[in-house]
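Worksheet: the structure to be examined is printed underneath.
Chain nomenclature is as follows: A, B, C and D, assigned in order of appearance, with residue numbering initiated at 1 for each chain independently.
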Amino acid sequence: MTHKIAILGASGYTGAELARLILGHPDLSIAALTGDRKAGLEMGDVYPFLRGRGLPDLVRIEDVDFAGIDLAFCALPHATSQAVIKALPRDLKVIDLSADFRLRDVAAYEKWYGKPHDAPELQAQAVYGLTEFYRDDIRRARLVACTGCNAATGQFGLVPLIRAGLIDLDEIILNLVVGVSGAGRSLKENLLHAELSEGANPYGYGGTHRHLGEFDQEFSRLAGRTVEVQFTPHLAPMNRGILATIYVKGDPQAIYGALAGAYAEEPFLHVLPFGKAPSTHDVRGSNYAHVGVTADRRAGRAQVFVALDNLCKGSSGQALQNANLMLGIEETTGLTGAPLFP
Amino acid sequence: MTHKIAILGASGYTGAELARLILGHPDLSIAALTGDRKAGLEMGDVYPFLRGRGLPDLVRIEDVDFAGIDLAFCALPHATSQAVIKALPRDLKVIDLSADFRLRDVAAYEKWYGKPHDAPELQAQAVYGLTEFYRDDIRRARLVACTGCNAATGQFGLVPLIRAGLIDLDEIILNLVVGVSGAGRSLKENLLHAELSEGANPYGYGGTHRHLGEFDQEFSRLAGRTVEVQFTPHLAPMNRGILATIYVKGDPQAIYGALAGAYAEEPFLHVLPFGKAPSTHDVRGSNYAHVGVTADRRAGRAQVFVALDNLCKGSSGQALQNANLMLGIEETTGLTGAPLFP
Amino acid sequence: MTHKIAILGASGYTGAELARLILGHPDLSIAALTGDRKAGLEMGDVYPFLRGRGLPDLVRIEDVDFAGIDLAFCALPHATSQAVIKALPRDLKVIDLSADFRLRDVAAYEKWYGKPHDAPELQAQAVYGLTEFYRDDIRRARLVACTGCNAATGQFGLVPLIRAGLIDLDEIILNLVVGVSGAGRSLKENLLHAELSEGANPYGYGGTHRHLGEFDQEFSRLAGRTVEVQFTPHLAPMNRGILATIYVKGDPQAIYGALAGAYAEEPFLHVLPFGKAPSTHDVRGSNYAHVGVTADRRAGRAQVFVALDNLCKGSSGQALQNANLMLGIEETTGLTGAPLFP
Amino acid sequence: MTHKIAILGASGYTGAELARLILGHPDLSIAALTGDRKAGLEMGDVYPFLRGRGLPDLVRIEDVDFAGIDLAFCALPHATSQAVIKALPRDLKVIDLSADFRLRDVAAYEKWYGKPHDAPELQAQAVYGLTEFYRDDIRRARLVACTGCNAATGQFGLVPLIRAGLIDLDEIILNLVVGVSGAGRSLKENLLHAELSEGANPYGYGGTHRHLGEFDQEFSRLAGRTVEVQFTPHLAPMNRGILATIYVKGDPQAIYGALAGAYAEEPFLHVLPFGKAPSTHDVRGSNYAHVGVTADRRAGRAQVFVALDNLCKGSSGQALQNANLMLGIEETTGLTGAPLFP
């Protein structure tokens, strides 16, 4: 049985990535694509890599007939999803890829995003969409809020450790190297090839990055106390990929055991042999994540590494994994494509 | 029904690309992988992006049990395939990705490759593997010789034009921009990131590039006379992709018509609207090729553009397309994955 | 003696490159920098690589006191220089890096740039600024119009051949691989790292690129007849560099001789040994250009290659070379820095 | 007065960078270049970017006449310099760019480099070459051991803080993003463009990187106790540049004050305004380093950032700065070239 899908905001990178993935999914078909400024265009004009694949043209959201659509992915910019999703039919399953429904506490939302929440009643129903940790809730959800790509990466390295009480909660440092597609199709000087290639720089440092809202929420919930990590993402000249290097205090072997145990049955999370570190090259374009643990030379300290593709596992692949759960499809369907290398 | 496959030379890029593609193919399973210097290793150690996918370990060719194997891909370096394939069971279907069986005339082989042909009797049976032009022969073949990646790109732009007699055969200029994976996993200074990124240079210029042997063979055969093109490939700092810019003399609209007509039913070749040019970005990681035609400002001159992925459509994807034909599988199976963008 | 310099339009790439070069020039000092939208900012805020070098803050052009300034570089966008330069003091030496004064024939200007010329009387005084071919005129000029970067590259390969009557004027094909900084600091989707890196595509094809106006003007003038080249630039994922591959008909050795002879005494043009081709890697960040000639396998055909840095030799370095001439300084001063490699 | 210079090991990247820099130095001339496997070649054949600059051909070390040479840079691979330098004339000033003389304690050398020291008597005379901290010793030295590029970067961020007793010595985490030229001209698969571009990975993690020997030595000496940092370098797809992100515990404003004070008079070290972070883009190809400090959201924690060019300030530029001191030349001579951007 084929489920009909709409992608709202198909002209951004996460929307295009959803289209790419769904084209290879045997049980889903794309019934509608929306794009505000690009309404009226063929998808192949907006993204020539999708030319000739029989996709519907881009339309405005208000022109979509949602009757017969089983699930909508909402890949709109932050701060626009709340109003849009509020206006969708009540029985339509929705997966939001923006930040609009990630924070359960609307006060936290206002703190990190600088504006009041427009749909607190919907927020109350929203399930946080990190599949590996919220699988059962997602299966039953009507509205799922996919995570930030950095937030997903950090949580894969830390959730099993916090849950098991293996690390010092006051001494977590999350250092990320991040590919540029995480910034979206934004026209900014620092995202130009001429200014981004051949160099690296930190951004969102000093406790200002909005994904901290997700870390605080999830880690504090798990720990039963306030947990605040030190977090520094760095922009590197690559299009896809996030590499988290997480500095923790705890027993490296116990840490390794907790991660290896937590992910032993996970189809998309591979824990490397102890002492090996992953590379974003090895997960590019895929829904797989690689996790590694190494001991530091000083006892009681370890590095945990996580590599994933920000657009796929960190965003659109995660969203599709959730859609499979919500639609009663085998969870891995359409997501087992191997990474692209080289 | 699942067909069992061997990949000989799985430690190179085309071998790894075959593995990547076949992992997504519903009717093929990989029964054996060989690698000479890397025999004994897990495929996930040689290529971590293939970790955890249940692939067999690398073995030496002599340790492969070919009983039960339906087809072998031979992804060995040039000049080593002839001896290897000669030693394979006579009833095993073989697809060679090297240059060893591309040239029908063993004298031409010796001219371009600088050594006598080791298996002239096999050469006589080999079918030149550019699927779109040799489909029926490939279906019946036991041994198929896949084309050079540059050779494929140029032929997609020129074969229909030469066949239709639309262009001046003495005035064909083939200019290519080529990604670095075409050089294979070779340890050479000019292929290091530090020396290749952020620059471009021609190579194999002045009529010396070996793929000229294929152009000469195929174009002369079609034209019924000697056709020699002027050919300059350029190395650019990208991993995958070939962009051919072909300068021809003829009527641009007739040229466009011939290409559009020739490829109208081709599943993997998209002809863009007249006047538009393709980009390698839009075919990366896929078996699709984009073709464009533009008129020059001077009458009777045109540019024909072809963009494809050298490792996929130019090599391993082409090989898999041929394998589908040889095994009686629908030709596009396992090859319709959308390109990776960005 | 130190000459005082103003850079009008210092917030673009050519303006910043001028600042970079002049910081290393012993006889020039930067007295004023202008930037329209960025007026009021420190240069180190607009371009942190220039932080701490004692440069003046950016101001509006109307706030510059031109008394005491010996020469102004005008690095403004195309179509804005004509009005600005018209308003400058009459005795101020001016070097324009835009396209506004490159075409002697104002009708040709209107044809290629789509608007009437705003300062035809100034156009009549302007000297075309390709130093190696207009040295004496430049020395005496008040207004010099630097060339397009593509135009410079093509002319270095062709001017001596046309002058010597060595090639078929109807059969010149100019194929370029071009780095992205040539497009300036423009906020366009196709210039984003995510969309430009890892791919290549032609642009401005089919006789539409504006630098054809310069080729037509210069080649026709030299030949005494209309010469129209076929020209296709390609965008490649590199920041600096232009590689011209020029297909010509003529005797390769004679062609080589003409180029080697023409540039034997040129300080910035190196002709490689016959049969060798240059790489943009080897001129990056410098005012040097490398020229190569190879014979095709068919007699009477050759490839001429030229590599240079579009921002330096193709634009700001060329401008500074002209400034040296106009100010009576030794021509190579401040321009002999070696390329940056790797 | 011109001093004559020899570069031993000119075929590697640091040797070539020395040649590039010295070509722009008014008081030095290159009298000899050596290269073992490449002896007999022109420098322009080994590095075409240095073509046409009048450099001597490469010779073997044993063929260099050291009479008349004032100073030799030794840019040989690690573990080969000790024997070579031992054989040089006793009155020749020597600057070694390898790791062979960096560790004062020959036992520490053996621990980190896995072999006994070949020249302990020379080690006793060697001065550790981080110019900003050992200026007076360097001025008087006969043998200077330049630092590791990672080691220099980390020390610029930490030395003033440790000296001032401002940070918790047990809680220093040094996270680096490193360009690929730091690995030298090494033929390794992971350094190929195809395998390095478009991704990032940690290396030398878990307390194994040899530059830890330098950190341990310098930080412990300053602190008067053993200091061991946690250090993780990451390889990113860029050719030049190191970005250190240093996590420390201490008062951010005091930390900022100490760094700003320490470097107020330093010609090559720029401390950014408090709260700003540097980018490697802004120092590429130059001898400048940018330093930034940001407060974390939790009191008593800060991030210190340092960006420099590994080949220049981290290695060959540092060496030349030391040479200026040793030869009685103004320290900044030949080193004030602005970074290359874009």
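Keep in mind that, in the parts below, a residue touches a chain if its C-beta (ideal position, glycine included) is under 8 Å from a C-beta of that chain, and two chains touch if they have at least 3 such contacts.
Treat the numbers as computed from the prediction; the structure is a model and nothing was measured.
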Which chain's centre, taken as the mean of its Cα atoms, is farthest from the centre of chain D? B
Can you work out the whole-Å distance between the CA centroids of chain B and chain C? 39
Give, as an integer number of Å, the spacing between the C-alpha centres of chain B and chain A. 36
Measuring from the mean C-alpha position of chain B to the mean C-alpha position of chain D, what distance in angstrom results? 45
Two or more other chains touching the same residue: where does that happen in chain D? 13, 181, 194, 197-198, 237, 239-240, 278-279, 281-282, 284, 342
Just say which it is for the chain contacts: an open line, a closed ring, a star, complete, or other. complete
Would you tell me which residues of chain B are touching chain C in their complex? 171, 173, 175, 177, 194-195, 197-203, 205-208, 212, 228, 230, 232, 234, 236-241, 243, 245, 247, 275, 277-282, 284, 294-298, 301, 303, 305, 307, 342
Chain C partner, complex, touching residues on chain A are 13, 180-181, 185, 187-189, 191-194, 196-198, 237, 239
Could you pull out which chain B residues touch chain A in their complex? 13, 16, 19-20, 23-24, 47-53, 181, 197-198, 239-240, 270, 272, 278-279, 281-286, 288, 290, 336-342
